[in-house]
Amino acid sequence: MTLEVAFRHRLSAGFALDVAFEAPPGVTALFGRSGAGKSSVLRAVAGLLRPDEGRIAMAGAPVFDSAAGVDLPPHRRRFGLVFQEPRLFPHLSVLRNLRYGRRALGLPANPAREAEIVEMLGIGALLARRPAGLSGGEAARVAIGRALLAEPRLLMLDEPFAALDAARREEILPWLERLRDHAGLPILFVSHSLPEVARLAARIVLMGEGRVLRAGPAADLLADPEAAEFLGPREAGAVLQGRVGRTAPDGLTEVRLAGGTLHLPGVTAAAGAAIPVRIAASDVILALTPPVGLSALNMLECRVAGLHRGRGPGVMVRLECGGEALLARITARSAEAMGLREGLALTAIVKSVAIGPADLGG
Amino acid sequence: FAAASLAGPLDAASALWEEESGHEAVLSYGGSSTLARQILAGAPADVFLSANAAWMDEVEAAGRIVPGSRRDLWGNALVLVAAAPGALALEDLPSALGGGRLATGLTDSVPAGIYAREALTALGLWDSLAPRLAEADSVRAALAFVALGAAPYGVVYATDAGAEPRVHVVATFPAESHAPITYPGAALTPGAAEAFLAFLETPAARAFFTDAGFTDPPEPAR
Amino acid sequence: MTGAWLGPAEWQAVALSFKVALVAALVSLPFGLAAAYALARGRFPGRDLFSALVHLPLVLPPVVTGYLLLLAFGPEAPAGRALDALGLPLAFRWTGAVLAAAVMAFPLMVRAIRLSLEAVDARLEEAAGTLGAARARIFATVILPLIAPGLLAGWVLAFAKGLGEFGATITFVANIPGETRTIASAIHAFLQAPGGEGAALRLTLVSIALSLAALLASEWLARRVAARIRA
Amino acid sequence: MTGAWLGPAEWQAVALSFKVALVAALVSLPFGLAAAYALARGRFPGRDLFSALVHLPLVLPPVVTGYLLLLAFGPEAPAGRALDALGLPLAFRWTGAVLAAAVMAFPLMVRAIRLSLEAVDARLEEAAGTLGAARARIFATVILPLIAPGLLAGWVLAFAKGLGEFGATITFVANIPGETRTIASAIHAFLQAPGGEGAALRLTLVSIALSLAALLASEWLARRVAARIRA
Amino acid sequence: MTLEVAFRHRLSAGFALDVAFEAPPGVTALFGRSGAGKSSVLRAVAGLLRPDEGRIAMAGAPVFDSAAGVDLPPHRRRFGLVFQEPRLFPHLSVLRNLRYGRRALGLPANPAREAEIVEMLGIGALLARRPAGLSGGEAARVAIGRALLAEPRLLMLDEPFAALDAARREEILPWLERLRDHAGLPILFVSHSLPEVARLAARIVLMGEGRVLRAGPAADLLADPEAAEFLGPREAGAVLQGRVGRTAPDGLTEVRLAGGTLHLPGVTAAAGAAIPVRIAASDVILALTPPVGLSALNMLECRVAGLHRGRGPGVMVRLECGGEALLARITARSAEAMGLREGLALTAIVKSVAIGPADLGG
């Protein structure tokens, strides 16, 4: 159930797409600046844009292959796509919009799942309404629900949370994580929010001007100081493998990493489960000696593995903590004052509440 | 099938015939050309009452009529009408028209128009009047031009003139100035159709037509 | 507008006209839809020629159209015979009047539907496709509801034209009381015969009333459709 | 389709028809637009009645429409006199033929424009308003360009109808060679006489050619307009 | 030049607007969950929605007043509105879309300003194109430029950055800040991003279910532990008044606060200027004794002014640092371990790079 994409397409005299990447089950994020070609790639995968040449295959079976003359129409692909605009059917009620896909596919009604999705999206009060009067965020949520209910073989989400408030995002993200973990389908996810990407995506495809700049596992890309140039230095961070321990009565859960133990709030995974933990480079403070009397609970014993000076006053410090990589972004002045050099042992301080639910998962 | 201009008296006559014979008469009115074409295309008509001879000739030539059933049933007169009562010598028509137009039927296709052209030609008026005609689709339309004051004079049948209170006959064209105006009829199927034609020639039936202003068919039929 | 001053023959014409216009407008709807779809979306050779053909009844004098119909579907023409054999005789029957009215109204109906089709947002069709809907289903569940205003407008135009059509009808199927003598034919006949103006006027008023009713019904329906989309 | 087999009188009819249809379609465009706007957007009492009035020429037999025009614009009627005084005589003039053609085509034109108007996205008008555009400017810079397909369609329908119109024309302004004898009138006249089919057929072909040209031009323009929006 | 808004309007049987607030020159943020009524308020102010009753006035002159029967049409109000969707004119090129407002208003062309806005939005390559082929973010940028170029008396922005990447946001935000500081016009700004709101807005109007839940200066609302419930606890923070000092060769600028001096990168304001500095509660670490050998450069001497337990394992600590309020969000476990109580003196540690440009301004 892996999606393979490799095609070229000339959109206009000045802009051509030339992309190749794979998306195994789980979330693959398409990340890139506005106009990079992300939506166009989704259109090609969905069958709405016919590439000049190339091949797009799902689980080994091509849905498009210019050499073999294969080009399945969108409805035969069964790839769900949540467009950048809601595109709701104006003549149907919200409920009938939601059910459109199931009816078109002849799938039996699934009241339990429908209720669950309606509840998650908070659109229960809108079901009888027509799309015309919906607010921007309401329409976006209905569009998400409509695609989810059609049970596609592949799900594409084009900036699905752009119009949603943070609280609603926090309700949808765990649901998407469950879908990702249990449904075993590839999910292509376009977003301009790196925390969202880091939380959901196992792989990142970094796009620019119609091309794939970099592609690979999210943990590698996010911890790669050189990719930080494309991702934005403020967004760089590392993903570490953690194992969930016991949850104390005060709501903090132990998560054991190779370099130490973190105490995190809001962990929903069961004890014993392996979870990826993302730590943004800008959320890490370095100390030469383990400090005492600090409100920060989470400290990891690390060793400096490298220093990368970027433009501006910042330095990206690559750390090695019990065999795993961690990134810390500090000022050049601090690096000098502390005498940082490769091999130096130190303590990395991470504020527990600085790692919110949006940075868990992976 | 019957020419539209026969509508009033023909309705009355056929009602009487239905009463007397017990047959049902279904009348379909239209322009003679339309009806003739339909008959030529195989229309299931039993009787054809035409407003001019030319179209009856066509139908006869196509072998559609029951041999020997054709006869001229009625005649009509051509008159000059105006919106105001009075009398006018026909030769004064060009000057009386002034800047106005003379309403007629289409002079190369509508029967009344053809008769009007013949009459005007015979009277030597055609050349001066030809550019000043307003040719209408039917006699009724020509009559309407006069009735509504669009044209000061018009050439129409006496029957139409008599039924329109807003116009007045100011002159009658001499019968010899144009080909005889006849309404030929013919049976297209034998039997009741021939009986109906015969009935139309009975005095009782004729009365309806004379009341409406039709004359006896001119002798001899062409 | 009571019937007191209309004779039974006139009522017959009114009823017939209503039937002919209604059936013509309804029967031509699917054909109009198909033609409009082909013109709005199709990219086939001869598309412009097809468009010209559709417009023909508008361009030609009605008499010519009627005459052509007579030549094509008359009792002795092959097409006419074939339909007759299939149990659908046209010549000089009310069914022929329906055909004449439908043909004459066809360009109007096609254009109305086509304009609506061209206004349909293709992005909604794309969305339906990604949700698993095949072409036919997209047509039935997205396009058709969205062009309802055009279908309604096309229907009203065809109905109105059906009431008013006369030239092609009388040429094709004559003017037979109870069979093909519609209001328009009757009005025309009344106008041809001396003294018929009064009856013609009465029938004209009936005709206006009928079309007004059809119009009101369609405007009402259109408003309901629009309200469904806006509310 | 060369002219070798058309006599000068026939060519005259062709040229006249072209002129009448063209002018009728152009002159009625602003009125059609105004009527369509009133029907699509207006909320005034009597809107449905106005709609019925606009549809009237479709519902009535053309002869009746012509007769009514004669009543309203004849030389004796006040409206006719007034226009005459203004230097626009209608009776038995080609201008009258233009009026007849325009009136007969009016319902078709209005409906086409109205359908386009109803499809205009009101949100764009709102945006224009917040950018400082007054109603009139919004109409000229947003609505008008967006309903171009409807205007074109309305124009083509009116032009085609103008070529084919005959019943109202001949009843209103007769059939005067060089003045009001259009192709349609000429065809009709030829068909009235036995043996006229050949000439009628030739004129019919010319008529089809003219309308095909108009149609191709409009389709080409419509495609350009659509391309401007899509590209 | 203050906008006064006070009206009621029933949108449907289940939803009514009932709002009253003022927007002086500068940015007033409308913040609230999806469906709260933010866009509807903007529509009413713009003249696109006619309230059932109330009054909307600009600089004292009513543009709508149900009692006095005043209701100016949108174009007479000259209030610019960037809608939630781009709403570009499909038949006009991007350039003619941009110029639409000036032409409609009969304003003379302003090539310098046009060039500046085109440059800022990065839409120079799109000017000749039609809107149909634009990407979501490109269209959003053109819509922003179109409203800006019309030089409105009031600017309303409805989630203008939702479709934009972080880098582009960072180019537009400083520009908006300059507009805010120099043009002297009220700006109503709708956004789901609290950092953006905190950066731009002097005042916040918090909306929920058609009503104003809270309204007031941004500094107060963001530092109010009780408002945190509506804003989201992870987004709470304080705004402090700083004065810009000298910039060192390593790119760090001194910013003096009442409680100490911060060293911040990327400060563009001139030395001597007063700037508001936002410090998010979750970016503050507390220490009982000033730590040494730490990479964090910024420490403020503070005193505990209050402790607010919320739901979950977090505690919001209200601090008083040289007379200004600061918020810190820590775990209840740390608060207990450290023995925090009102009046206790301690050191607040703020990572310099944790205060990025998105948190400067106000």
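We call the chains A, B, C, D and E, going by the order they appear; numbering starts again at 1 in every chain.
Everything below uses one rule, namely that a residue touches a chain if its C-beta (ideal position, glycine included) is under 8 Å from a C-beta of that chain, and two chains touch if they have at least 3 such contacts.
It should be emphasised that the depicted structure is a prediction, and the values quoted were computed from it without experimental measurement.
J.: By label order, what chains touch chain B and chain D together?
T.: Output, common partners of chain B and chain D: C.
J.: Measuring centre to centre, with centres taken as mean CA positions, what chain is farthest from chain D?
T.: A
J.: Distance-wise, how many Å sit between the C-alpha centres of chain B and chain E, to the nearest whole number?
T.: 90
J.: Using CA atom averages as chain centres, what separation in Å is found between chain C and chain D?
T.: That pair's centroid distance is 20 Å.
J.: How big is the gap, in whole Å, between where the Cα atoms of chain A centre and where those of chain E centre?
T.: Roughly 26 Å, centre to centre.
J.: Using mean CA coordinates as chain centres, what's the chain A-chain B distance in Å?
T.: Centre-to-centre distance between chain A and chain B: 90 Å.
J.: Going through chain E residue by residue, note those that touch at least 2 other chains and give them in order.
T.: If we look for residues of chain E contacting two or more partner chains, we find 85, 133.
J.: Would you mind listing the residues of chain C that make contact with two or more other chains?
T.: 63, 67, 188, 191
J.: Got the chain B residues that touch at least 2 other chains?
T.: none
J.: Which chain pairs here would you call touching?
T.: Taking the chains two at a time, the touching pairs are A-C, A-E, B-C, B-D, C-D, D-E.
J.: Touching chain D in the complex: which residues of chain B?
T.: 31, 33, 36, 54-55, 57-58, 101, 103, 106, 108-110, 133-137, 141, 144-145, 148-151
J.: Write out the stretch or stretches of chain C touching chain D in their complex.
T.: 48-49, 51-52, 55-64, 67, 107-108, 111-112, 114-116, 118-119, 149-150, 153, 156-157, 160-161, 163-164, 166-167, 184, 187-188, 191, 200, 204, 207-208, 210-212, 215-216, 219, 226
J.: Along chain A, where are the residues that touch chain E in the complex?
T.: Spelled out, the residues of chain A in touch with chain E are 11-12, 14, 32-35, 39-40, 84-85, 125, 133, 135-138, 140-141, 158-159, 162-168, 192, 194, 232, 234-235, 248, 250-252, 263, 265-266, 282-283, 285-289, 291-297, 312-314, 328-335, 338, 349, 351-354, 356.
J.: Give the list of chain D residues in touch with chain E in this complex.
T.: Against chain E, the touching part of chain D is residues 123-124, 126-135, 137, 141-142, 145-146, 228-231.
J.: Show which residues of chain B lie in contact with chain C when the two form their complex.
T.: Residues 1, 4-8, 26-30, 34-35, 37-38, 41-45, 138, 140, 159-160, 162-164, 212 of chain B touch chain C in their complex.
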